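Labels A, B, C and D are assigned to the chains in the order they are written; within every chain, residues are numbered from 1.
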């Protein structure tokens, strides 16, 4: 059986930052269970969501991602005791910054997917892909990148300021 | 009673029919693991030639003809005991609804025409009057089913107690009910609904 | 200039069926820095690994990317191979093109493009990888075993017999667990107490085992080889050193009508009690909730009659800290309680069976206590309601098991066998009685198991009815059982004298709380998760913690004992070396940039960040900076993401590596 | 005399209450008036379709119920329903349409209007036990039903299936017992409280009904009940109207009056025989009530 590729006008690029213990393992489980989901997602593995620096998300958008997914262990289940709590607190503040920079927050999704939730991984990825597909390509940051040749380092006063509040 | 051998193959197992039942009932047919708890608690099981668990089993095998030819689905009282107690969350009462609907649509022969007739009259009454008028329902049923004398003894007593209304009025907004009926008919014609 | 070697695995057909591996190899070969690129049918096989080693040497490779399955599967394999070929193992990365690509997509074109990008991403990452030295940490060769049922006892004895100290912690006043409650065991019908009590005594007498009963785990800190465990030893109100176990206190205690949990509340005990006569330790405990002295301040009979003066009403809970190198979790199971709402379910179980309302509807464990020679009836099967011998007894299987509606979809594995055993015990004790069993499926895989089940039918004359029961209700002194026989296709009604419900196995209450203390993962039912379902069944994903028995999933006794010995063997493997090698994924502080704000210290859950003073040659303090203790750091990287001056870096996950990956997309 | 009502409801009586169960309608209105609970009958309500509609045409059943909910939405207050079958259909409709988008869209199309499903649908029992509360109910009693042994009959549709009616525990409900004990009656534990009476077959297969109802009456009698209390006109129809027939067929003698819950509660708050429609009952309750000094 060779299923035909469903054609869409726009294939969004989704970058997922996941922790290795829960969500990466959950995605592995989706694989071993042979579940199917859109091929738009690229997964970057971190030891813990606590390691995920908000700069990476900015970098991803700048690099042309249309949607970003951050996913780790459920609250209370962190392999490193509390890394995901720190992440949650950090990203709550970061969303405000992102909004300030002009990114539609619908493009950035946080979720908890455990190692046992292959199905949930599929659901989260599929939902985000469809949502972002409906929103169309992300242009704001690409233009920004063109204008400033922004390197990803924190070198503008606004960003520095906003960042210091995180 | 002689029973026909069941030939099982991809051709004889009507998966499409099963999918239709699943869509109508909103419940999985395959999920049933044949524990028999539905049949154990069914108040009507003794009247059925296929007890409830076997109805699902036949459905799992795509043998719907065997179900629809029998009277089991028409003897279901819709009491929902099966759905309530099913350990595996199979909503059997809804499956029964779906099977009756498909049987009704097929207008196939059924051993249980009385129940069908009663249902048909009931729905006709709603369409015509908006509400149910028990006296009329019973009278027409008896005439159509040829049981002129059924429950005859109850009649005068009920009348005396004011339990049978001889006269009834139509709803003022009757046209709205007619529209619902006809819209549903239309949707079905266009294939927008099962 | 790096010379990267890329190896694309077909995984038989698992990858190559959807991904055009040759095209991936070809395209990646064109990437800057890639010196060698090839594909092979099974990279993890011996020839595959040799191909890798040979290429490293012949092509002078500096870095390696293996595109195959999940790194969770084979990262260790390939890093070892790379090391054997003379490269630092951390210069090898895996690109996951199986679980994250070929298995989850069907379209060949899409999957090939995605696989190429995944490999490209890892190529860019590996360029930035640095040589990382292996870190070694010392191993404390003592182990903690949590739970004193048959699993914990077996694991503790095995480890202790190898000459290592074991701390055994049990929540109840005595070790023994559920096995001590059982009457006889399948498939040999040997008496549970007879085979269990010698082991319990062994534990008590073993010079290497330190036993804490009536105690719980309060806090677990540290990491593999170096755990620090705080144990809360609840006040027993009896001094264990002074008590001789004479039992006079129990005979004199005026409170005699307290339902004994060990006897499923059908037998009674006193307020100062041991749960059962063979308890280990044989030291009573005062149940403060029911003790007259604790309730009213007046009584103290036990203290007066105690010769050695062991009764101590003033005793307090104690916190004890123990250092251990490994932990075996053996907390076992609990039985599905019909009258409680199970986790994940909206409804309480089985109102239709009237359990709790009809006195002679009991659960399987209660039947065990009735059948046990040391039980409240002395081994006679008698009805709780009127003490009569039931002549018609009905067993119903799968109560709470395979019941999605009750929030439990799994099979409890042991109920088919224990119900078969119950019918036999019943037949042996009530010769003129008849046993009936309602069941869905009989699951009897195991050595001599199916033969045992058949024996209950063919020789012991139990009547098995394939079908379930919809309702039970009392009629006079009978219980009307309304079921069905699906083989015949009819409803069945039985007038029973007693009904036994075979309740499901569930994890211990509080299993999730303990898991959170230990930092181990658990499934939606609260069963603990093993590191790999097939290949690492007794290890947790958290290093240094091992699983034994039913806390990981429903198990019978032979399986539990095997797993306990396996867990002990894993502990011994760990203890076989003095130093432990660990992944060098730890955080390092760049002292030049550190401003000493210690935001990292606040977020570090392991207390790995210390303060370090930097002084000039004259000894004047220049500044205080953060220092990460590599032995304690667990490598989560939270400090790095938190550091405002970007002065901490997590080896293996540096900003440079991650940005390189993002930029490759 | 015109004190403000403490609660207001829209009222969906259902077809039976306008015909064979006239006394249920009458006693409901009188009881609620006495308790100062406002009832406004939904104008031009339609038949909910009952069992025949969902039996063969779920979409029609859902559409009829959704239409009634839309009509009810125009009136202040939650929807009070007397008939267990109507209650079950309206609740099921809310449940099904809440779960399935496909069906929701189909019904929306059939009605050609946006759906209004949020109104709370409540059986009279729920209003008495939860909204009014047992304490306030007990406070209104001036003629407690002391010494009357009542067998509360739920039938099948009041509590089933799990989670849908959300009235009480599905397998061991106590709401009827709680209500009737609050007004002074005694309840008997009996085994057939939740069995089906076969109402669906009243017309087409009366033989079936006789058999099922016979078992129920047997069980109530064996438990020592003086009478049966129901909250459903269909159950009532089978237990009361057909009782004499069953006695004849099965050669027994029950003489068990079958009350609607509003009749018994009404009696306890001092309503008379006329206002409760007691004369419409086929099994004459007068001797029993006189014996217990309640009339």
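In this text, a residue touches a chain if its C-beta (ideal position, glycine included) is under 8 Å from a C-beta of that chain, and two chains touch if they have at least 3 such contacts.
These figures come from a predicted structure and were not determined experimentally.
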item: Which of A-C and B-C has more C-beta pairs touching across its chains; value: A-C
item: Chain A-chain C separation of Cα centroids, rounded to whole Å; value: 32
item: Averaged-CA centre spacing for the pair chain D and chain A, given as whole angstrom; value: 54
item: Separation of mean Cα positions, chain C and chain B [Å, integer]; value: 50
item: Intercentroid distance (Cα basis), chain D paired with chain C, Å; value: 51
item: Shared-contact residues (touching 2 or more other chains) in chain D; value: 162, 170-171
item: Numbers and ranges of chain C residues touching at least 2 other chains; value: 352, 405
item: Residues within chain B bordering two or more other chains; value: 81
item: All pairs of touching chains, each written as two labels joined by a dash; value: A-C, B-C, B-D, C-D
item: Chain A contact footprint on chain C (complex, rising order); value: 70-72, 96, 98-101, 103-111, 113-114, 117-118, 121, 516, 519, 521, 523-524, 529, 541-542, 585, 603, 605-606, 634-638, 640-642, 644, 650, 653, 655, 658-659, 661-663, 665
item: Of chain D, residues touching chain C in the complex; value: 162-163, 169-172, 191
item: Chain B - residues contacting chain C, complex; value: 33-42, 45-46, 50-51, 53-54, 81, 85-89
item: Complex interface listing, chain D residues touching chain B; value: 15-16, 18-22, 44-47, 49-60, 63-64, 67, 96, 99-100, 102-103, 106, 109-112, 156-157, 160-162, 170-171, 194-196, 198-201, 203-206, 208, 212, 241-242, 245, 279-282
item: Chain B contact footprint on chain C (complex, rising order); value: 352, 398, 402-406, 440-441, 466-471, 482-486, 489-492
